[in-house]
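Residue numbering begins at 1 within each chain, and the chains themselves are lettered A, B, C and D in the order written.
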Amino acid sequence: MALRAVRRLATAALVVAALSVVCFGLLDAAPGDPAASVLEARSGGRPPSPAAIAELRGEMGLDDPPPVRYWRWASHALRGDLGTSYMSGRPVTETLGDTVPWTLLLTASAVLLSFAAALAVGLVAALTRRAWLRRGIDLLLFVMGGMPGFVVALLLLYAFAAATHLMPSGGVSRPGEPVTAYGLLAHLMLPACALAFGHHFGVYVRLVENGVGRLRDAPHVQNARVRGLPRRTVVVRHLMRPGLVPFTARLGVGVGTLVAGVYATEVIFSWPGMGREAISAARAQDHPLLIAIVLVTGLIVIAANLAAELIVAALDPRARTGRADAA
Amino acid sequence: MPPDAPASAPARVRGLLAVRLWPRRPALAAAVAVLVALVLLAVLAPLLTSLDPVATDTSATSLKPGSPGHPLGTDLLGRDLWTRMLYGARTSLLVGLTAAAITVGLGVLIGGLAAIAPRWLDGLIARTADVLLALPLLVIVLALAAVAGPSLGLVVAAIALTSWMPVALIVRAELRGRRERLYVRAAYALGLSRWQVMWRHLLPGALPPVASIAAFEVGHAVLTESTLSFLGLGVPPNRPSWGNLLTEAQSHLLTGEWYTVAIPAAAVVVTIVAVNAVAGAVAGPSGEGGTW
Amino acid sequence: MPGMVKRPVMAVMAVVLAAAVASACGQGDEPASGKGDGSLTYAIGDEPETFNPGLQDEHTDPVTELVFRGLTRHDRDNKVVPALARSWDIAPDGRTYTFALRPGVTWQDGKPFTADDVKFTIETVRDAGADSPLSRNFTMVRSVEAPDPATVRLRLDEPFAPMLDAVSMGMLPKHLLQGKKLTDPGFGRRPVGTGPFTLTAYKHGQYAELTAFDGYYEGKPGLKKVVVKYVPDDSARLIQLRNGEVDAANLAPQQAGKAGGHRLEVYPTADYRALMFNMKDPVFADRRVRQAMNHAVDRDAITRSVVLGYGTPAKGPLDTGPYAAAPGFAFAPAKAASLMKEAGYAKNAHGSWAKSGRTVKFELTTFAEDSLRVAILNVSATQLKQQGFDVDPRPRPRDWVRKHWGDLQGMVVGWGTPYDPDSSVYGPFASSQALDKGGSNYGSYSNPAADEALEAGRSTLDPAKRKAAYTAFQQALQDDPPFVWISYLKTINAVPKDLTGPAQRTLGHHGYGFFWNAETWRYN
Amino acid sequence: MTSSGLTITGLTVDVPGRRVVHGLDLAVPAGRVLALAGPSGGGKTLTARAIAGLHPHGGTVLVNGRPSVRGRDVGYAFQDALASLNPTVTVRRHLTETVKAHGTGDPGAALARFGLDPALAAAHPFELSGGQAQRVALALATVHGPPVLIADEVTTALDPVTQAAVLDLVRAEARDRAILLITHDLAAAARWADDIAVMRDGRIVEQGPADRILADPQSDLARGLVAAATAAPVAAEAPPGDGEAVSVQGLRRVLRSRRRTTVALDGADLAVRPGEAVAIVGRSGSGKSTLVGALAALDRPDAGTVLRGGRDVWALRDRDRRAVRRRTGLVFQDPLASFDPRHTVRQAIAEAGPYDDDLLRYVGLDPAMAARRPATLSGGECQRVAIARALAQKPDVLLADEPTSGLDVLTEDRVLRLLTGLRRDHGITIALVTHDLRVARRVADRVVVLHAGRIVEDVPARALDDARHPETRRLLDATALTGKWA
């Protein structure tokens, strides 16, 4: 077990390293000159002179060959220095410190909301004998499955903020006022829902529904019933525990999907997270910031995958021994 | 095999493609009809409207749906929404279908390779796909799009590059799963060659799930196109696509022109729902409902 | 079996519901605005990368405008009036400026404001080169002298008429920036100036909170707090305004009627939109073609439709200022046709003007992110097509455009300034500022008559001579139009009904300048 | 009617659309074992499930004179023991939760009663062998001391030695409770039950003491079952030819999975003459199926040679080896799984050789079935299609891997008769793998016993009773009809 954990962590580290190389390479291969972008942005869009570009390139160290630059970046990164943003000139770590917690908060809330709701709806769908209820859920999931995240976001925005003034439409608090738990919950509600109930929601419901539904008449569940166990035990231990393994195994990927959806959501709800930062960084060719954000996202997803693996291992001993069929 | 196999036969039969379609047939028929209609509308767009999708008309701005000559109304600049929706369908469906085709082709190729590759290569491919699946490649695509400028080809490539993984993993799992099946062993025992077994037993068996995921991928591609366009990094801005229409109209949500948002949004949702319905029917009951 | 599931499911549902209800209630009873505490929350779309006035152009964003003051400033007619400089004296040859500084001015951190700060500011910006867009205003400054803490003297190599405008740039605190680069990000985010409001909190991507500066040299402002909230999305701004999340907001034209119980402050701006042509492209070589296109565009229709009347048809680049003299072009298809025929064109089978088989074919582009420019692009392209010009409307991403200035054929551009005309006409129209010379004359427009007038306008301080020069300049552009002029924009801001103080003035780019007299604003 | 034990009157069971069990009356007094025997699809399992309370039913089910309470009164051991255990929970958890639910019982003692090490309680179900799983399932069904135990085909998947051991333990449980043994194997019923009820189409056809039914069956069904269980060996009609149709020498094969390696074959030698029928007998895990794979030239051995017609098949070119495979018919234990689910019967057969209606007729099937898919056929029909497919190959060797283990006795009889007929009509060499010596006797001229990857016994079928090797003796004992539990 310990060995496995070490191996998983080593793999994760390797993945992060590989990811950084890929990002670096891709951005490097992209046409366009960050130095020119920076100068243009500083001069209000005026094309900069070649001399100024050359000077800035030298300053930014862009003229070294890519491996040298990568090594420089990586060795700094290992010491916790992710460089400075081309655009704002701030240390990337500072920007991350400002934005990542918000993204984590939003993503975590959406993950909880999405998975809790998927669990609830999936269980109802799997266990109910009422055809209308199941059909209703089917229909709901079908329609939801066709909704791009930003359409959901706009709908929520319209329904709860614009039309009814029930909830705040954006940001994390009223500007200038301290962030309170209460106010934060209010501001979190819409973006978290928008993120949680996108087109992928149905997949999780289906995972629960199929995982549990498949086991509803499984021999071991019948055995549990025929032994006269309390309903609670039958459902929780014998139906849900093994039935939720496929769902749990996908949590990691699910978190990844949600994180990918965070960009549009943050833009629509003015959420001060790294997604918005990423889009502006991408547009401005702010490579240090962009790479850092991609890596942080990768870390989140890898952490989520590890967590999911741990949960699966806790739920299903087969996973602990590395049997592939557990997933 | 249970001793009372005949009794359980009906349940098994449902797993088979043809029979499985029965229970949902009305919904499926409706979905197929919707898709066929959409494709027809897109293909026949020039016959169905005489207007130019980008031509403005300052004398006919902000007309409500149902106005004479403008069945779906016009936007703030007097562009005919019906025309724009038709041409938008062309772009969106073109992107959706091409991207899905490339995605599926790539996925089948890589997944197939993984399935027959030696263990280390297979492991490498599977791990890579797992990792890529989890990572926000979209960001990198955004960066590339920002620099290279939007183009249809880039959108298609971006979608394909970021969505082949589930296809590959499913194909790989299907092929590997099937390779272990007894009937494959039986086929080898009949003296069939690898190629024959692959062609007659492995691939056809993997077809329904692949067909299903291919359908899902079409929906996914339409969806990604609209999201990319929404972020301003998708289809070239002035080219009508549903995503672009949504993006442009987005700011009218609260002003009088709500229908300029509602109509393309509805088109996207209806298309994906129909595609998913078809995909779900093709996948059969064991299909988990595809991608993300 | 159905009963079996209820408990866990109900528990989850209960939690979700409780959270929803809690948050809904939490919002419902919040006050609709911060009027009670004398604060104003204002939503705007653009957020600058820095609040350092030395790194911005003359159109400063609200925060920079509120935090900083220059030696001079502009009044409601955009005339230069004293600010940190109490008075000034210009030598007759126009090469020496002596400013007498207002006594007793302090920085927002309590340090006294002195002539050293002015010297530091001007020298730093002058020497910043490409880092600062405003350095061009000071390249002719040979030396800055501070004979005593209350006096500053500028010595110029040559006369520079807009100098009094140029020194309206916010002054920088030497004690905070000395030894650092002008681009220092710390200062850019935590600026300290001499203006009426102090930046007390800034969350990038969220808001900037400004608190009244007690030590402001004109006395304490009427508002206790101004919060500038950055909401890039048009709809979101409107929603937040109607939702009571902000008290005031910058609105798009079509939202003007939806602002609920707010008062609209609609101000003209000096910001115009026009179609620029790349003169290196032979299609545009004949001035009659460009004149014809100017006659082919129906500016009234564009103003009516694209900005819903919140705009003024444009005649030339200086319509909103005291030098306005452009005759302008009327929408006259017949006139356009005759000009084209005169230029040797004839309608071909597709109804397009063509000469020796070549139509007036060009791509018209603009920043795809800018929906207003895209709308102008599409409407004017349609109008031009209707008059026989073979236009291909094709918006492109900002970054793409930035890398392809020289390859563009036609582009929807925006220029204009409410202040000294030189800054917004010299760059775009002087042949010395052509793109390949590193200037902002992106169309490489070259017109000796215009060049002559521009040079005359910037090198004399005599108002009458300047008026004559710019009149000649506008006539030169009329004869040989570099642009198809479209429209000046108006800016719409919704403010609380009981807020007094906002006063109409011709604003700059992006409608910046709305807060020009914010120190006098207060609630009734 | 006694008030102790299980008393069933007028039991009816419906599945959607039809009635499957029509008014069943049964009584199992405490201390006795009643075997409910009969062919597949007769309603045995549904009856058992209804009694246990897993399926709604009509009529009354009384335990010790009172209506039965689900869980408390009837212990139920499932056919597939492994599947009936929650894979995510330890054995101990299973036992203790039952004890907790009923407030009585001792997990350790329950395991011990079924001959299991109490340390096994810490194991998860998937770590158990088939026999262990079945014992755990039985311990679980009886840990809280229910007055009634239903054992539903508990030994179908087990080899005869394990089967005998498990049924002995079940029998031992009858000391203080009533036991209902569901089985399709009349031989097993006769050996381990006191009474037998023969059931078909939801009705009891015949009921009585086991000895009586075995000795003097009254109904056609009972007669058929008895005949099948006691069928005499079929003498070889054509004497085997000379030479070797197929042979293996020093065969060694190691199976590697991610977690462990198993030596499945460890120097096995076997030669089969043309026209001969050899039965390869052994317990689970003895390497039988691996040997079939080697004989079929499908799996390359780690050491040793596989000869067909004197040629080493693994020295052949790929194409020639495929030709060898084409001349080798292969019939699997799970016939359904051996067909591509998308293919019809006709397509499946056509893949082996030209399709001919006569093939289906020969195996006793209606040619109309050619258009159906295997999934719609019964187990016996499926196995006959498999034989038809093998026949279509025009093989000179037919390998059959436990072809009857999933079938009820009557179906098994039909398939075995078909196999012997095949040899008679076509002179095909047969190698039959089975764990059931009775099957071996019926088909084979010669029986080889495989144990731990080696051939430990090689005797003519008629001399089987005199075999001396302990493994052979164990197999013989396990399948003995008589020799009641003691």
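List of remarks:
Assume contacts are C-beta pairs under 8 Å (C-beta built on N, C-alpha and C of every residue); 3 or more make two chains touch, one makes a residue touch a chain.
Only a predicted model underlies this, so the values are computations on that prediction, with no experimental measurement involved.
A count of contacting C-beta pairs for A-C and for A-B identifies A-C as the more extensively joined pair.
Centres computed as Cα averages put chain A at a distance of 38 Å from chain C. As a whole-number value, the distance joining the C-alpha centres of chain A and chain B reads 22 Å. Here the CA centre of chain A is 51 Å from the CA centre of chain D. One simple way to say how far apart two chains are is to compare their mean CA positions; for chain C and chain D this gives 87 Å. Counting partner chains per residue, chain B has residues 146-147, 233, 250, 253-254 touching two or more of them.
Residues of chain D in contact with two or more other chains: none. Multi-chain contact residues of chain A (touching two or more other chains): 32, 157, 162, 267, 283-285.
Contacting chain pairs (ordered by label): A-B, A-C, A-D, B-C, B-D.
Taken together, the chain C residues at the contact with chain B in this complex read 233-235, 238-239, 242, 252, 254-255, 257-258, 298, 301-302, 304-306, 368-369, 371, 374-375, 377-379, 381-382, 385, 393-397, 399-400. Across the complex, chain C is touched by residues 32, 36-37, 39-49, 52, 84, 87-90, 95, 98-99, 113, 116-117, 119-120, 123-124, 127-130, 157, 161-162, 165-172, 174-176, 182-183, 185-186, 188-189, 216, 231-232, 234-236, 240, 267-270, 272, 276-277, 283-285 of chain A.
Contacts from chain D toward chain A in the complex involve residues 52-54, 69-72, 74-76, 78, 80, 83-90, 93, 97-98, 101-102, 124, 126, 137, 140-141, 144, 258-259. Every residue of chain C that touches chain A in the complex is listed here, in rising order: 1-5, 7-9, 12-13, 15-16, 19-20, 22-24, 26-28, 30, 34, 39, 41, 49-50, 55-57, 129-133, 183-185, 188-189, 201, 203-207, 209, 225, 227, 229-233, 235-236, 238-240, 242-246, 397-399, 402-403, 405, 435, 438-440. Chain B makes touch with chain C in their complex at residues 54-59, 61, 76-79, 146-147, 149-150, 232-233, 236-238, 248, 250-257.
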